[in-house]
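Reviewing the structure listed below.
To keep things simple, chains are lettered A, B and C as they appear, and every chain counts its residues starting from 1.
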Amino acid sequence: MRQFLSVIVFSLLTIGFFAGYSNFGIPQIEPAPPPKEEKLDLGSMTMDQFIAVGEKLFSGKGTCTLCHNNLGRAPLLDTIGEVAQQRLKDPRYKGEATNIEEYLIESLVKPSAFVVAGFGKKGTNDAESPMPDVSGGSIRLDEAEITAVVAYLQDSSGAEVTVEIPKDLGKKKEGGEEADVAEAEPREAISDPEKLIAMFTCDACHMINGVGGEIGPDLSKIGALRNRDYLRRSILDPNADIAEGFEPDQMPEGMGEQLYVSELEVLVSFLAGLK
Amino acid sequence: MNGPRSRKTGRTVKTGLLLVTFGFVVALVAFALSGFDQLGAIAAEQEVAADAAAASPYGPAPKLTAADYPSIAGINSRVAVWIFAQLHLWFAAFVLAVPIFVFIIEAIGMRTRDKRYDDMAYEFIKVSITAYSLTAVLGGALLFSLILFYPHLFTYLSTIFKESMIYYALLFFAESAALYIYYYGWHWLQGGFKKWVHLTLGLVLNAVGTTLMLLANSWLTFMMSPAGVDAAGVFSGDAWAAIHNFLWNPINIHRFVANIAYGGSIVGAYAAFKFLTATTKQERAHYDWMGYNANFIAICALLPLPFAGYYLAAEIYAYSQQMGITLMGGIFAWLFIIQAVLIGTLFLSANYYLWCGMGRSDGAKRYTKYIKYIAIVLVGAFLVWFTPHTLVLTNEELKALGGPYHKYLGPLGIMPAKNTAVNVMIIFTALSFMFYRRANKIATVSWVNAGNAIQVALYTAGIANILFLGIYHGYFTNTVYKVAASIPQVLTTLIVIVGSITLDSFIYRGGKQVGPLHWGRIPGRAQYALFLLAVSFTWLMGLMGYIRSGIRQHWHVVDIMRDASPDAFTPTLGYAANVVSVAAIIFMAMVIFVFWIAQVSGNKTLPAGYWKE
Amino acid sequence: MKIPRLLQAVLVLAGVYYGFIIVFDILLDAVIPSSLLAMYMFFVVAGVFMVFTYDEDQTRELVAPIKALVEDPSKRIWRNIVFAVVPLVAGAGAYMQMQPSFEAPLELRTIHPAPPTTAKIFGKRVNLLKLENPYRKFEKEDPEKFRELVEEGAIVYIQNCQYCHGDKLDGKGPYAAGLNPTPLNFQDVGTIAQLQESYLFWRIATGGPGLPKEAAPWISSMPVWQDFLKEDEIWKVILYLYDYTGHHPRSWESE
């Protein structure tokens, strides 16, 4: 028994020495806690994650990179932080912003507040911007998403990120687009094709009656070239046919979810009549 | 040897060889089948998958929240799973390792016809048989706690490994059957053909046991280096790909070697305790001999272990640099200092046991004068190995040194110095062992002086080469050579060890014995070296289990399934050391129970007047 | 005269202990840290114990004086003295240990924390695992241009870094004495020689505030140089650090 006890004591002392050395002989470094998971829970999001969300929107849902790229369709935004400061003092500036953040938000929802020389809608002498309002039309960024894009723009252009991560909008964002649609008040059907084109900013990319952008095919005489079925299909499924000389995946999908059937027919009839 | 006997022996040997070969083939086929069957199952599944077209039968890894982890008040779920897993692993390592060297010892006994080996092999397996049922019980406890506390992780893993889990269960039955026949049939299957059948059973037992370990390893390496799934964790249906993931084989090799060393150390502790409590001289001699053999097994497996460890670490680096940096730098850097203390303890106690054991021989005096030099080199190399990269300095020392870096001790903190030190330690441990072997022998060959000169030259050249590689490549070339230099260092060490043992066997061929070996003539202190070996080994395995699991950080399955539980944080070293210590004490208590049970069956009580006459 | 074995053991231990102190503190002028020395001595004691006790006869000789002290009736006076002195020494030791002092508590920091995979430097997110010094290639391609770049790096260094890190890059600049942690000594084989250039770029650009949590306490006074230097200046100064010290950056490619 004595042997047994001394062996036990010896073993316990050995374990005690190892444990003691591990606890007191070496520095106890507290490992960093696990990084926060990147989910769209705005409440617990860090600014870096919020900026990353903005970056995704910038090249994804926001379709900003369609034009703001190095092909010269729209101004590059890599120095927008610095440039915005000068814009505010520019005599041609028509908006109400007083700082960079406000200017950027304004540019996203009221693009014509300042049009960079040479980038205006054709024939408006740079008075009107071809850029659509990103909160409406087919892009439909919500307020939180616009804030995220602004955060990304500030961050990527080297400006100080001044936006605050919205707290109360978190829930709405998580619900996604479907929730948006469901919550939105049903609107009145529109029967004026010009209004529809303005609402969905088709002329941001398409030339219609000599006015509009050059990203999509010129629709000024489309009725002479294509029949109604083709036009309907192209609105509902933009990648079904790609006009020669144009890239696929440029036109936003989902028009079918946003237009009423009567409106679709109004548009198709209008386009078919352009000869 | 007379005619008929030798003819009979010859026949038995032939039959026996046939049987062993057959057993080996069976084992191999069993192992291969476990793969092929899965392939078959996979092929079938792929057809199903093709039928179902786009709808994959497997979903992505679940994204969990803290609410997905059931909790029981007062129980920390991670610690519970941790301790059960660790206890299961310790017992499993022990019961898988013991049959490996029992098989070898039995074969040696058959070869030498020395019954002592057979008795010892039987005693070893007797020790492990109670441990075997405890392994199963603890495995069940681990499974239960995993399902209870981490249900989603378990569900995800079992969808991927469902086939292998069935095979695991089946193999467990096979393992039990083989073990029970092997153990209970020991005295029945004796002599001639029967003995060969018994040895074959031992081989089958080992094959099944090793396959079990390989399967279990695949689950944990899948969690470290997932394969056979896409980035979202959707299983491709290829079970073999999931099993044969990147870190599977490195872990297999490391665990296989470490298990043998561990099994040896536990049996050594058993023998040491029996030695200390022995009452007769014969008993003391028997358990001394048993302890010596167990220690010998432990040392043989201990020597290549650092290399297996480096291989594993290198493969982790190769798999993911991120994981490699987490492993070697930052917070885990200090763990390797603790590891150095433990491995140093293992080497020192193993050497001490050898030196003490020299007292068994009357011829040892010729070599004992060298022991102090071996000790100086061992301790010196150990101090180098132990020197941390980041020194703990008081403010006064910081000022005196002019910075946190030490001009002379700093260079000892980096890898080349440590590689050099560990190689030197291994070579000198081998030298200790060589002296021990020589202690009782006198060489009779004519070229003994030349032979000794070659031995000296071999050791000198080997050590010089290791030092050159370590110092020149470690400090005067760029990183790629620094890392590469460790390979020739290891080769040098192996060449020196193998070369010197081979040469010695020739020098002492037909040599004389100084006198009979006095088994049992060893101080009790030496037995404590065996206890130290076993305890350090146990604790070290627990510690390394923590880092192996810890480098996954906040992932259940790295980069695929996130640990969202409140315990996802990496604990500090002190916390981990405390958990390991508590687990080690529980383990010790269970081992004592196992040993007690093993001997209680031999106790007989004769109650006078209790039974009707 | 044969020295008693117990005395031998004590002499060996004392010799090793003072040997360390004499060699490091006096001959090499680089003090041995007391925490390290304590651990060293622990294992030296273990080693001495092993050498002095592996043989039964020698062990008996070793412990004979201790045994005699405890058991021999004729040593009664000595015994009483020892039994009185040992607790006193232990008590004094405990007192000295626990006595409050003006020494600031030890601060244990990881000097080379694991770098993050990516870091935000100069407004860009860079992948530290892949980042390379854009000028390193000139070392072979255009040695003359490389020399020029190193010279430019030297100017950046002298203008910005040498105040703390020293004109010999040994961490002994004029302001070094006032700093804790002290500036890094680049000459040391354990500093930049162990690191990749991207690691230096990260440490220089983000400075003390950019250290991860495990390298806390965050008292490193290294400035956030991305606020003061240009990107190319940092890369050039890195070239200079390696060039002056003769170290090679850690790399996985053979030369």
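Here, a residue touches a chain if its C-beta (ideal position, glycine included) is under 8 Å from a C-beta of that chain, and two chains touch if they have at least 3 such contacts.
Here the structure is a predicted model, which means the values were calculated and not measured.
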item: Most distant chain from subunit C, judged by the mean position of its C-alpha atoms; value: A
item: Chain at the geometric heart of the assembly (C-alpha centres); value: B
item: For subunit A paired with subunit C, centre-to-centre distance based on mean C-alpha positions, whole Å; value: 51
item: Inter-chain centre distance, subunit A versus subunit B - centres from mean C-alpha coordinates, in Å; value: 56
item: Distance from the mean Cα position of subunit C to that of subunit B, given in whole angstrom; value: 33
item: Shared-contact residues (touching 2 or more other chains) in subunit C; value: 35, 39, 108-110, 214
item: Residue list for subunit A, restricted to those that touch at least two other chains; value: 27-31
item: Touching two or more other chains - residue numbers and ranges from subunit B; value: 330-331, 341, 388, 392
item: Residue numbers on subunit C that touch subunit B, as the complex places them; value: 24, 28, 30-36, 39-40, 43-44, 46-47, 50-51, 53-56, 59, 103-104, 106-115, 117, 129, 171-172, 176-177, 180-185, 188-191, 194, 214, 248-255
item: Sites on subunit C touched by subunit A in the complex; value: 35, 39, 108-110, 120, 123, 212-214
item: Subunit B residues touching subunit C - in the complex, by the definition given at the top; value: 321-322, 325-326, 329-331, 333, 341, 344, 348, 351-352, 355-356, 358-359, 368, 371-372, 375-376, 378-379, 382-383, 386-411, 413-414, 475, 477-481, 523, 525-526
item: Complex contact set, residues of subunit A against subunit B; value: 3-4, 7-8, 10-12, 14-16, 18-19, 21-24, 26-31, 33-35, 37
item: Residues on subunit B engaged by subunit A in the complex (per definition of touch); value: 273, 276-277, 330-331, 334, 337-338, 341-342, 388, 392, 528, 531-532, 535-536, 539, 543, 553-554, 562-564, 568-574, 576-578, 580-581, 584-585, 588
